[in-house]
Amino acid sequence: MTTKGDFETRSFSNEVWSRMKELRRERYKLSFEAQTKGGLCVTGFAWGYLPLLAGFGNFGNPSPGTDFTRIAREGAGSEGLVKFVNLAESRGLYPVCGAIAAHLGQVFAGTSFGGSTGNKIMPDFVFQPQGCHAQYKGGQICADLLGLPLLVIEAPFKNTANSRSYLYSQLAEAIEWIEKHTRHKFNDELFIEATRHDIHSRVMWAKICELMKAIPAPMSYRQAMSLRLPLVAYAYSKGTAEYMEMLYHEMQERVKNQISGAPFEKKRLAHEGLHPLYRPDLLRWPEEYGAAFNQGEFMMAFGSFRYTSDGHRIPGQTLEERGIELKSREDALKALVEQRYPLEEENTDYDSPEWRTLHFLRMVEDWHIDGVMVHLARRCAALCLGILTRIQDIRQAGIPVATYEASEGDPKEWNESRVREDFDRFFDSLGLKKIASLDGGDSGADE
Amino acid sequence: MLSAGIDVGAETTKAVVVDDRRVLAFSVVPSGWETPSSVRTAFNQALKEAGVEEKSITYIGTTGMGGKNTGLEAQYFTDSICNAKGALWSFPKARTVIDIGAEQSQAMTLDGEGRIVQYTRNDQCAAGAGAFLTEMASILELNIGDISRAALLSRNKTTINSTCTIFAESEVISLINEGSDKNDVARAVCDAVALKAAGLLQELKIEKEIIFIGGVAQNAVIADSLKSGIGQEIIVPQEPRLITAIGAARAALTK
Amino acid sequence: MNALDKIHDIVNSPHQFAQDWKLKTGGKVIGILCSNLPEELIYAAGILPVRLLGANEPENITRSYIFQSGFCSFARDCFAQALQGRYKYIDGIIFSQCCPHAREVFLDWKRHVPVNYSYEITGPMSLQNTYAKGYLVRELEEFQKSLEKWLGTQIDKKAIDKAIDIHNTNRRLMAQIYGTLKAENSSLSEVDLAEIALAGMLIDRSEHNLLLEEILKQISKSTGSARTGPRLMLLGSVNNNMELIRFIDSLGGRVVVDDYCTGYRYYQTEVVPEENRLAAIAGRLINKPPCPLHDLPERRRVSYYAKLVEECKVAGVIYTMQRQCDAHGLDYPAVETFFKTKGIPILKLELDYTVPVGQFRTRIEAFLEMLTAT
Amino acid sequence: MIDEIITAGIDIGSSSAQAVILKNNSILSFSNMNVGVDKKETAANALNKALEKTNISRDDIKFIVGTGYGRYQVSFANKNVTEITCHARGANYFFPGARTVLDMGGQDCKAMNCDEEGRVTAFVMNEKCAAGTGRSMEVIARLFGISLEDIGPMSLEVQEKTPQLGSSCVVFAKSEALRMIRNGIPRNIVLAAYCDALVHRILQLINRIEIKEELVISGGIAKNTGVVKRIEKSLGIQAHICFEPQIVGALGAAIIAKKMFQENNEKSEK
């Protein structure tokens, strides 16, 4: 950015960045070394209930393909990523979810699990908690390809006593399943620890998101995507729990001192849906027009939120705050289950279009959002569900909303000029004028 | 004060010269692959028509997919803004605009000042866009202008199932081979486009007056079928292709 | 009017029977969005369950603003029927855990086409799960309570037993009907068969039973002319498009069996009576051949296919996939490998609202030419 | 068994039509022309043009098979067979070692495996949204005012990496090319980009069957050296191309016509 902004921007402290990178490295190393140190190595799509695995000590958790972040670094149209997607398609995986195709393509190619680096590892089994149905089946295909046993955990939509006991007994059974299939011993202490940290990290992220209500918002959406990384698959670690505390306090500082994530906030925008992971720079495009992405369902993802009866989103509470002490395996299991099915929300159908809309509108209110940009991900069945209905409601509520079309994982669906046009039109209609152009694309990530 | 607007579309480049009240002259030329030269040709033609000197033009606004590098000293505006401004200037009561060009279909609603309130556009598929119409016309061995004339002669209703241009093609061919009347097929093609456009409008909370612009709006049958599709009156300007260019001229002026 | 003609009429005016039934009985009609439902329970409550289907009309009739372009064409088509008011007669709608697109239809239906009763049974995803049955039974208990509350009456055990009996009989008869196609000279065409199967989802099962018995009587008497042409199995996404089967037939292929949830699979597996009626019903839902979404961690579909291939002497497989059906899209590689290793050729077709004749003709003809070594 | 059998194959594609007259196992003559307005008429013309070059009359032809996208328009054919089966058979005639055949028409692209007798053992056709890819070449050629044959050489001048085309519909091919030109990308690079994109899709397709040597490329696309060279490069296989790749389908049809004629006789003799 060349022009002087309305707000002072400042990078996050080195402590924060270096801690984040450390954790990322740590987790990455674990993926490749845990096994050699007698630990488990587990793969799969979606990252729920990992504390369970932590109960078996340090474990590696490489993603079936390379991580999404790696997909990000591959960049749009990059030979590599396109090659993988094509390979998956040539094996008959078409037309299916682009991200899953991108991941499985790498398993087909044998480049995942260190295949490309030479020191190939073979996970002990595929752990597939219920994400979207594509992840669910993707985990199965992955298990087929690698000839590994598959362990699935499902969590029905409804928040009911029945769902709770269903999930509870599955998790309890999963422990025995793993012991049986891997001959590794489960350690209740480690499990309890991990559960505490996991819940803590997620609650802290929710609190961090809440600080984004401040004007100016202390963090940019793009920064959030980077700073959140440890949460994605490492939330259960002590390190991450502490890191989240650290980040939270720095956020508070920034709010106090009016430090902004973006130089301007002429318009505060929400980004709906998972952005194209190979083009994270897109999250900064609004900055060229003096606007900034502030919130979005995906930004909140991995955080532990609760809903008030009138639809406002508030951070959940840590176990300490709730005065709960985990004494046994059962306590920890119960805590994990209640993360998924908060007791105070029992029998509320938060998945209904009505609630989804209300929650969204409340977010727009609470986070002072002026406009919404929606990514209609081609070939994504899950994230786009109900999105058009929601867009209707957002329009009806008189909030400017626009859409762009690409794919979260398949760069072949990326058409830069079209997407640019869609963004420009939107900014134009918001009365924004181009004031600068980003120096060197994605530098805002501060990575 | 005089201003000019130039809209560089996928198929054609349009230029208009306007003063504070009316359009003095316009021209439409095919978009070549050297935007500056086709822009130049269009611009010169319009100037000649208007009988004015280039230097007497105070402002130039450009828009459209090639509008960013026209080689002219001009300001660029996105087509949506131009559609809004152009429509409102030509029809002060305009509150909804639907624009179907060669490739892009977009719909928007406006407030009294011509600000865009709601906006939507077609997805990454040629179905329902002008390109679809062109392809179909060529299979029916009609030139694009005659397709509506043919459709008007249609007596029996038939439908095209696939809106994928390529497969609609083979469908049209088999329809013809099965002895369907060419005019009926032409009608079906028009209806398919209109239905797609209606779908687009249904995404918005539309208000009167509804202005139908873009190259496809020249097709009376589509306009008519769209009318019945949404059950509301729609207005088609005399020269629906020009509204965006006019908007560009106005946008430049009002800056 | 003979039974086959009746079947034909039912399929060609799918809404007629239910509407007449309502007038006649004054009973309630409920639309169901998946084949994995406790129909016995619904039936026992005196309700007529009808399967919600598309009409295979051009996609334009679906208002684009509710589902985006990448949306399952079947779900879209199905919902289009509601938007056009063709399902005005249904009193309620019931959904059970299946694909997210069908679920979205359920959610949007309630919103855009209000009905006075709706219920979602979040059945288990992985039917192989140790606790799946117990969980499902409890879900069914909740469902029964909700039904009874809505109707203001109790559903008694006798009624459930009767319903179970009618449905089991129905499944047995359907198995016999399908069985006749194993013969070279069955007087039933595959189109008849598909229509018979579809009709069962649109009318009262006890009446369906009567028709089936009559049809079985007829075909036991008459034998059709011996038919040549490769024996095909159809499988893939939900598909009620008779046009496809008629088309394949017109090109000289013979569909002898299918695995559609709108076809043979719908009639698979009988309820094994237990003291706890709901457990008995749940047992069937757990044990019937699964749809891809429910078929994990173990792949049980393929062993079921092996059985069908064996029984029906299948020479080739046509895998029809609704556009954007991730469930079947992601299962394709495994299924393809399975049939390839068995030396059975498989052809994958991307279905849309309508059968794109121009697009399919060459593919299917070439496939048949390959099977007949032209 | 009759000693001398004359049969014919007629291939009506979306843009070009061919006829081949076969005497026993040798090509008596063939014709290759553009498809006219009336496909029925085109079929007749193709056959007549082939007949002109011979001393035989229409009645000497015992059996005619129509093939190609417009096969149902060959009103006088005794039978219709898909281009997939015919191309495999025709390829086998020229190259008995052919096990993989690639044919790209105006609307669809097909890849097939075949056995030593040219019978198809597996085949794939392009996915929905990849339809018409072949035609994008014609679109671009027309846009640039060059012939399809020129595309190859021009595209092969290009060494550097070409810009990637969006996977959007072929209907947008023209404007996508224009976009590139407008961004100052030279023509030969645009052509190269289109060849790359086309090859890209062909490879995706061909990868879904077994790529067994020998590989034969037939149909109009075989005349585009820009595409052929790229395919050979990325597969690491030399492709066979016969002297007139466009007649392969019609030839296959003629061969099948002979087989069918013989089978019919055997039946009638019984």
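So that you can tell them apart, the chains are marked A, B, C and D in the order they are listed, and the count of residues begins at 1 in each.
Basically, a residue touches a chain if its C-beta (ideal position, glycine included) is under 8 Å from a C-beta of that chain, and two chains touch if they have at least 3 such contacts.
Keep in mind the model is a prediction, meaning the values are calculated, not measured.
The chain pair B-D and the chain pair A-D differ in C-beta contact count, and the higher one is B-D. Using the average of C-alpha coordinates as each chain's centre, C ends up farthest from chain B.
Chain centres here are Cα means. That of chain B falls 45 Å from that of chain C.
Between the Cα centres of chain A and chain B there is a gap of 41 Å. Distance between chain centres (mean CA atoms), chain A to chain D: 48 Å. Chain A has residues 91-92, 94-95, 376, 378, 388, 391-392, 413, 415, 417-418 in contact with two or more other chains. With touch defined as above, residues shared between interfaces to two or more other chains in chain D number as follows: 69, 127-128, 131, 166, 168, 179. Of all residues in chain B, those that touch two or more other chains are 65, 123-125, 164, 167, 169-170, 203. Chain D contributes residues 37, 39, 69, 72-73, 107, 128-129, 131-132, 143, 166, 168-172, 174-175, 177-179, 181-182 to its touches with chain B in the complex. Put simply, chain A touches chain D in their complex at residues 77, 82, 86-87, 89-92, 94-95, 412-415, 417-418.
Within the complex formed with chain A, the chain B residues making contact are 65, 77-81, 108, 115-121, 123-124, 203-205. Taken together, the chain A residues at the contact with chain B in this complex read 376, 378, 388, 391-392, 395-396, 400-403, 405, 413, 415, 417-418, 421-422, 424-426, 428-429, 431.
Remark: chain C residues 65-72, 97, 99-101, 103-104, 107-108, 111, 120, 122, 124-126, 129-131, 134-135, 138-139, 142, 292-293, 296-297, 299, 323-324, 326-327, 329-334, 336, 348, 350 touch chain A in the complex.
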